[in-house]
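Chain nomenclature is as follows: A, B, C and D, assigned in order of appearance, with residue numbering initiated at 1 for each chain independently.
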Amino acid sequence: MAATIDQIFVIFANWVGGFFPAAWHAAVVDVLGVIGIVSVFPALFALTTVLERKGLGRMQNRLGPNRVGPAGFLQPVADGIKSLTKEDVVPFTANGIMHFLAPLVLVVTVFMGFAVLPVGRHMQLVDMDAGLLFFFAMGAATELSVFMAGWSSHNKYSILGAMRAIAQMISYEVPMLLSAVAVVMIVGSLSLPDIVSMQDQYSGVWPHWFIFTPWGFAAFLIFAIAATSESNRSPFDLPEGESEIVAGYHTEYSGFKFALFFLGEYLAMFALSGLGVTLFLGGWAAPFSFLSFIPSWIWFFAKVMLSIAVFIWLRGTFPRLRQDQLMNFAWKFVLPMALLDLVVTGIWRFLGPGWQQWVVCSLILIAAYVVMGRTAFAVKHFGPRRYRYAE
Amino acid sequence: MSGVFYFISAVTVAGALAAVLLRNTIHCALALAVAFAGLALLFLSLDAQFVGFVQILVYIGAVVILVVFAILLTRDSEAPNQGVYSRTWLAGLVITAAVFAFLAWAVLASLPGLPRRAVAPAASVQDIGNALMTRYVLPLEIIAVLLTAATIGAVIVAMHEKARSK
Amino acid sequence: MLGEGLLKGLAETARNFVGSYVSKERLTTVEYPDERIPTAENARVFPFLVYDGSDWQAGMRCVACQICEKECPPKCIYIEKSKDKKPDYVGKQQFYPTRFDIDISVCMSCQICVEVCPFEAIKMDTQFELATYDRFGGLLMDREQLSRSNEYYHNIHPTEASEVDAHLAEEKVKVEAKAAAAAPAAAKPPAAAPAAKPEAATSAAAAPKAALAMPTPEAEASAAKPAALEEAPPAGGKD
Amino acid sequence: MTPLTAYLLVAALLFAIGLAGALTRRSAILVLIGIELMLNAANLNLIAFWRYGPHPEFLTGMMFAIFSIAVAAAEAAVGLGLVISIYRHTQTTDVDQITRMKG
């Protein structure tokens, strides 16, 4: 019974596919999968926007939206209607075609990333051999849409925001890839289902998630930082910096195109959360062996929503970084730590099971963290800035 | 050959043509991205999944972005008043035509006596990894050194004079 | 230690988040159209005209002296003086405004009109829900719309209104005493009085007037000294 | 036409386009774009030969393509760094005007 519920969507898709000729079967199942992705994640996006606003409000001791529908949960419907009926303004000097294409490119590439995410047991659209690489390739392609949006708007704030966004995305893509490589080194595969099934094991009731290893924990932190930055979320929201460059590269977008950008950014956040969950938090695996009866897709979405909650929490807490702080942090702290983590992962693999690998790897990582943290705080331009205007 | 191949090839060639013909340099860079995407699809149609994705990741994600950055940093997108083509464009065109004619003749005339292999050769990521770590480990190391050197070199070359002399 | 501050910050927001569900004091939001907080006594929005008694036309304190019209920085007041006269609160014959318009889309709520008014006729209102669909006509208030009874004034600014009343009563007593003293001496022709009246009023009561010229600090200061203000009704909520 | 021939022809065409770009454009960045296209045409050749050539199990063509991509990335980084550096000195990226070395 539990297995049936676990696979209910797979069974359903195959059942629908059974009505078609055998040659079409696979195609129909794929189309159903695409429909699933294209409907579930935007629905999740709608839910998340209102949850985010309510959560942020609570963190600032406000109520958040509570007017439209029960407890404000129909707010996204109102927002959607508003953005659909708004005038679609294209600046006079804008490059029309690119201005039109940019949000589409963003949304399409982001959606493609979902194709390889395993949202449940046997529930991914394509089981690609190089799935992880595909995901990152699609992530890299979104940078282009950001640039197109910024440049075609013919607005200095837009182009500033776009250049900031691209510089930031490139800088943080490197540690992100490296932290994923640590996982790949242990699993020995770029296929995301393989990575999950490796973590879907238990010692007693405890899961074998990669976050519960020294190298995995470090890689997870690096991944989380890089993912926050990649998805342009606070505290790394310089490309959008409402207070300085008025929403950056989508300043000149209004109406539905703006909504597409908004959707694209949220979907990128979902995709990165899903990837983080898959790589480090066991994907669709249950946290304890005795909870395995709950369907795998519930666990996946619960974990994704949990990481979204952390994103919101971070956004509600931290102030925006300065551009130089952002770059220094990426290249002088996160990247060395990611490289070191790769070495530590190698050591972990080399030492083999036993208590030694735990002690050695933890010690190396903690020592590096402490030393780098200390030196980082001592270095001029990087540590806390002492303002002297009070004198 | 299937229609898919012709379509992808047409897109790729059109992108490449646009990349070298358009007046606005930014448009050239974006057309280049189209050409690279088409090439990645061609790689995929050749069953080289890994290389196709690497192509997207490296070329669209990095090289095109680098080009775009360089264009914006050098104000290259403002079209020059004396035309976008070099003084020696005619010679260049003649050389190009000659090269293409020679290449096409060579390709068509050689008629490679190779089998039409319908089944894709196996090249999983694991195989590629194994090959990189065994047979091609020396080139890999050399590439690593080259990339490090290139990174440092690019930073030093592009660094401000003032910062360097300090 | 690197990251310590980050964790502290996260703990703070987490405390806010959980606390906002647990304790009511954290959520200071007042859901405005549904619930309101009583306006503060010193709240001031736009001017209104005070009248005594129940008939706004008979009891209007304004004598159309046009000082406020001249002093208004954005020139949002428009007054037309009447041809005839009507008795004011002390019974003296005075002009009255046949038109008194304030364009509150222009008014900047500076309260200078209130400060310059020698007749305590114009005061600041607390009514702020003045949104209208008519951009030009709806925000141009005529004298009927601007008129508010003295009771209303007491209701919104009790301290200040009591002071004004006390002052007016004092003034009235003074005038009556003068009149009582002057009555047996000579029956002055009433025609001469109106012309001399404005200067007479200001010069005769110079000391208390000076204090009243600036009602706001006065009201703030008087909040501390509760002299003869016990009968003032408490500041009620919005009507 | 065998598939291999078709791919080789496309690659030859791309190479020619890249060459034309490199030889006829004024802007140094466009020259670099042309060179990138030529390198990519070569990659397409390598992959096509791996796919249809003998001994695909050695992955020679694919390895060459991967290394070529890495080299091209390095080349792009250094080349664009040079372009920016030249621009700083001469305020132009026009390859016809950068003639100081001609004497």
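Just so it is clear, a residue touches a chain if its C-beta (ideal position, glycine included) is under 8 Å from a C-beta of that chain, and two chains touch if they have at least 3 such contacts.
Computed from a predicted model, the values in this text were never measured in an experiment.
Each chain gets a centre from the mean of its Cα atoms; the one farthest from the centre of subunit B is C. Centre-to-centre separation of subunit C and subunit D, using mean CA positions: 81 Å. If you average the Cα atoms of subunit A and of subunit D, the two centres end up 34 Å apart.
For the pair subunit A and subunit B, the distance between C-alpha centroids works out to 29 Å. A separation of 77 Å divides the Cα centre of subunit B from that of subunit C.
Residue positions 50, 54, 62, 69 of subunit B each touch two or more of the other chains. If the chains shown are joined wherever they touch, the resulting network is a simple chain of contacts running from one end to the other without closing.
Pairs of chains that satisfy the touch definition comprise A-B, A-C, B-D. Chain contact summary for the complex, subunit A toward subunit B: residues 98, 128-130, 133-134, 136-141, 143-144, 147-148, 151, 159, 163, 166, 170, 173, 188-191.
Partner subunit B is touched in their complex by these residues of subunit D: 1-10, 12-27, 29-30, 32-34, 36-37, 40, 43-44, 47-48, 50-54, 56-59, 62-63, 65-67, 69-78, 80-85, 87-88, 93-96.
Across the interface of their complex, subunit A is touched by residues 1-3, 6, 9-10, 12-14, 16-17, 19-21, 26-29, 31 of subunit C. Listing the residues of subunit B that touch subunit D in their complex gives 1, 5, 9, 12-13, 16-17, 19-20, 25, 28-29, 32, 35-36, 39, 42-43, 46-48, 50-51, 54-55, 58-59, 62-63, 66-67, 69-71, 73-74, 76, 80, 83-89, 91-93, 95-97, 99-100, 103-104, 107-108, 111-112, 114-117, 120-123, 127-128, 131-132, 135-136, 139, 143, 146-147, 149-151, 153-155, 157-158, 160-161. Across the complex, subunit B meets subunit A through its residues 26, 30, 33, 37, 49-50, 53-54, 56-57, 60-62, 64-65, 68-69, 72, 124-126.
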